[in-house]
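In what comes next, subunit A is part of two complexes: it sits with subunit B in the first one and with subunit C in the second one.
This part shows the complex of A and B:
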């Protein structure tokens, strides 16, 4: 008996040690060992085991990603700020009616527009966003897709009354802000299925960046994408250009550009202010 | 005594020697004495208002001036309460005042059917009627009202300019324009004018100074076609070419279009539709583009195009009074315009 007791106490000590180890990780789990001990003392008076309380303190409370659509940021001009604030009011009013989600150049969107020339009045188009331009109410984005072997690009106005729905099928960023070079890339990089299902994306954390480098068709291209003014990182230049051609392209480099003080435009404080204003008004 | 005697001797010598000469000289002096102009030397004082004042004085003056102008604007906020001139009803053929506005910028506008148009935003900042000129004072055909826009500091303006505003009891303005007005539309000087003076659906004419382009060639200034870029053209690609017919007139006619200074002149765009009026910020949304750069002052008045007179019927006459009985909403939209807060029709 004594030996049994000691073995049991040894088991208990072991358990306690294990439990202590567990408690260092701060994950308290119930074990069924206690139940066995209770059963050996006579008719089992069923006591339900304590519910597992998982206090997971390894990750902090996840915060929503802060995203301000680029058309809210006013351009660097000598205009009266009243003009921008009034335009912003109109934009917020429109956003209350139509949900314009967060997206970047490189995300795949499905856009539904009203079209008087179509039977069912609605016109749906799926494509990859290659460019977001324009400020204020005239903001636009271009969607590109290859339909039946023919490349099609459609430029949509975000605040047009004909927009019915904008869905983000896949939210991701690419290595560049402007993917116009997809026109000269192999068509497989611009084909997307119209019946593509939306891919789940997180509303917290960073936007996933697709590090895809695209293979190009043989030259001539619509623009000389190897030149440093475009600053393109998403093309596989090693497959289509020789190092001599790359060096020759560097002749058009303008190394003074990053130091040009007249082109400096610090939007951080403006962005904060506008972000707060937009969030406040959207909640009303 | 010696000095005097010397002088006498000298004089005598002169008299003896130059006797005939002196007579001529005296005669000459007599002749030249008539158109003698007396020149008074004046001192030019190029000084600015701040120069001989201490910093305290300058800041005090600025404060006093801003307070005075605030007081003046608040006094004039209720024009209908202090002895207004009689108000008449709008009649066909009567002309009313216009406004002076600031060009803010441009933005897109959509109709209900989805067509996109561009509009210019014109903000009416501190517009007051400054003076009334009766028919006799002005030119004999119509009465005139001088209107000013956008308050400005009095320190860099001449006294004569500020006097007009002092008489009207209104802060000094940057731009003054005259509007020819029919007799039933005259307004008491000092009345503020607002953007609600114009209503959506109306047509307006906008006058402003065009952007100055400097000395420009004939292709940009007059739209000449120039010459081809290649096929043997020797040093002639943007030149005016021939200046006119040959030996018969043997001259270049007056008014021949040639290179010269372009822009920085007053120009009017006629028949612009008003899409929207914001009464809170006093902004007019006017179709299309308007001459002038951003933040320039423009003169807005009812259109004189005969085909647009239909749309300008029954406007607020003689002007829109903010302290009157009418309660107007913050935004007035045209019928065809798409309003952004509208719910989407499924």
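This part shows the complex of A and C:
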């Protein structure tokens, strides 16, 4: 091996160690930093492919997971699209200051917000995200946890100036988008330790799906979760309901819903357009 | 919809709770069943009926966090302070899974000596009136 090659590999290993630590900012840092190094390598010397080149391939943008936060997609309304584009500008402005990571309903988050009524001004809460709702700047998410035997839920606004830090302790999806049924499930499914350590997650490939089916408390529940309108797949109905009750719930099925043309809203082209806009504006 | 209020075990394959539950309507109001959250003797004494609110000391009859109420516990009247309810409130404030209440005297001093359940931090606004209550609280959320 040439002497120049080993010094270059040492630099690359050092950089890779730093990059592995910045798991959240990897999308912003990785490609630009590695590209810069490859450019400074220069044309003259041909070096046989070594470790750094292989890892450079995995950090390419194409393999990174494409994620557009659901609050960017505007609802189908009769408002002027200018309103949504102005709102998007404000959202991107806020995202440049506060890092809002990718997360889904079912991920475990730790949120730090400013609180004038607490000694050190910061209030930290850890919980599982049960719902993400709202579009634009008013987007919210609800974190649920069981603290000292008491179930607590806090609805946080993503773009509120009181938000200081949002960390994803465990990134995963569940079988449903809306986990409100955890209120009627056994408390063990909503308890998470406040001192939980962040679990490492991949930035490439698919988000891991937790196929957990939750055991429920005895009925009555806050909502009739067995009804097809909620379309819940993450509850063990066989343990709490008889087949007759399941059949009775099917009476409220509305089989014409998927064929309702007036309720169709295809967001794929809109999503692509907004994703490109958000990516290029975040880089500025 | 409403099941019998007695503790009779229903002879069915699937056990059901022996009281009826309705969704949160307007936080805490008259006849709301509440959960006493401190370690006072009156609050933790087991009675065949849960403590109920019989009066809410606000202009409208609706009690939110930090409002005084009058409870009927064990055949006697007792004042209490609401420290958490099931109804969702302001955006960044916590919502609890039960209507929590702390027993209080006429002058605002708490009856118990410890509050184990979590208390919302925005209750600290009433530092002057309920400072003793905030001092015995062990956990803020």
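Throughout what follows, the second predicted complex is superposed on the first by the 222 of 284 C-alpha atoms of A that agree within 3 Å, B and C clash if a C-alpha of one lies under 4 Å from a C-alpha of the other, contacts with A are read in each partner's own complex, and residues count from 1 in each chain.
The rule is simple: contacts are C-beta pairs under 8 Å (C-beta built on N, C-alpha and C of every residue); 3 or more make two chains touch, one makes a residue touch a chain.
Everything numeric in this text was worked out from a predicted model, so none of it was measured.
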Return fit or clash for subunit B versus subunit C, each positioned on subunit A through the superposition. fit
In the overlaid three-chain picture, which partner chain does A:257 touch, first (subunit B) or second (subunit C), both, or neither? neither
Between subunit B and subunit C, whom does A:151 touch in the aligned arrangement: first, second, both, or neither? second
Considering only touches as defined above, state whether A:87 meets subunit B (first), subunit C (second), both or neither. first
With the two structures laid over each other on chain A, which partner does A:98 touch: subunit B (first), subunit C (second), both, or neither? first
Mind working out whether A:233 is in touch with subunit B, subunit C, both or neither, as first, second, both or neither? neither
Contacts for A:78 in the overlay, against subunit B (first) and subunit C (second): which applies, first, second, both or neither? first
Could you look at A:160 and tell me whether it touches subunit B, subunit C, both or neither (first, second, both, neither)? both
Touched partner set for A:136, first subunit B, second subunit C, both or neither: first
Once both structures are overlaid on their shared chain, how near does any Cα of subunit B get to a Cα of subunit C? Whole angstrom is fine. 9
Kindly list the residues of subunit A that each of subunit B and subunit C touches, one partner per complex. 157, 160, 162
Provide the residue numbers of subunit B that touch subunit A in the complex, in ascending order. 102, 104-105, 107-108, 110, 112, 114, 116, 121, 123, 278, 281, 283, 294-295, 338, 340-344
Give the list of subunit C residues in touch with subunit A in this complex. 1, 3, 13-17, 20-21, 23, 84, 88, 91-98, 100, 116-118, 121-125, 139-141
Interface with subunit B, subunit A side, in the complex: residues 77-80, 82-83, 86-87, 90-91, 93-94, 96-98, 114, 136-138, 157, 159-162, 164
Seen from subunit A, its contact residues with subunit C in the complex are 113, 115, 117-118, 123, 125, 140, 147-157, 160, 162, 183, 218-220, 222, 240-242
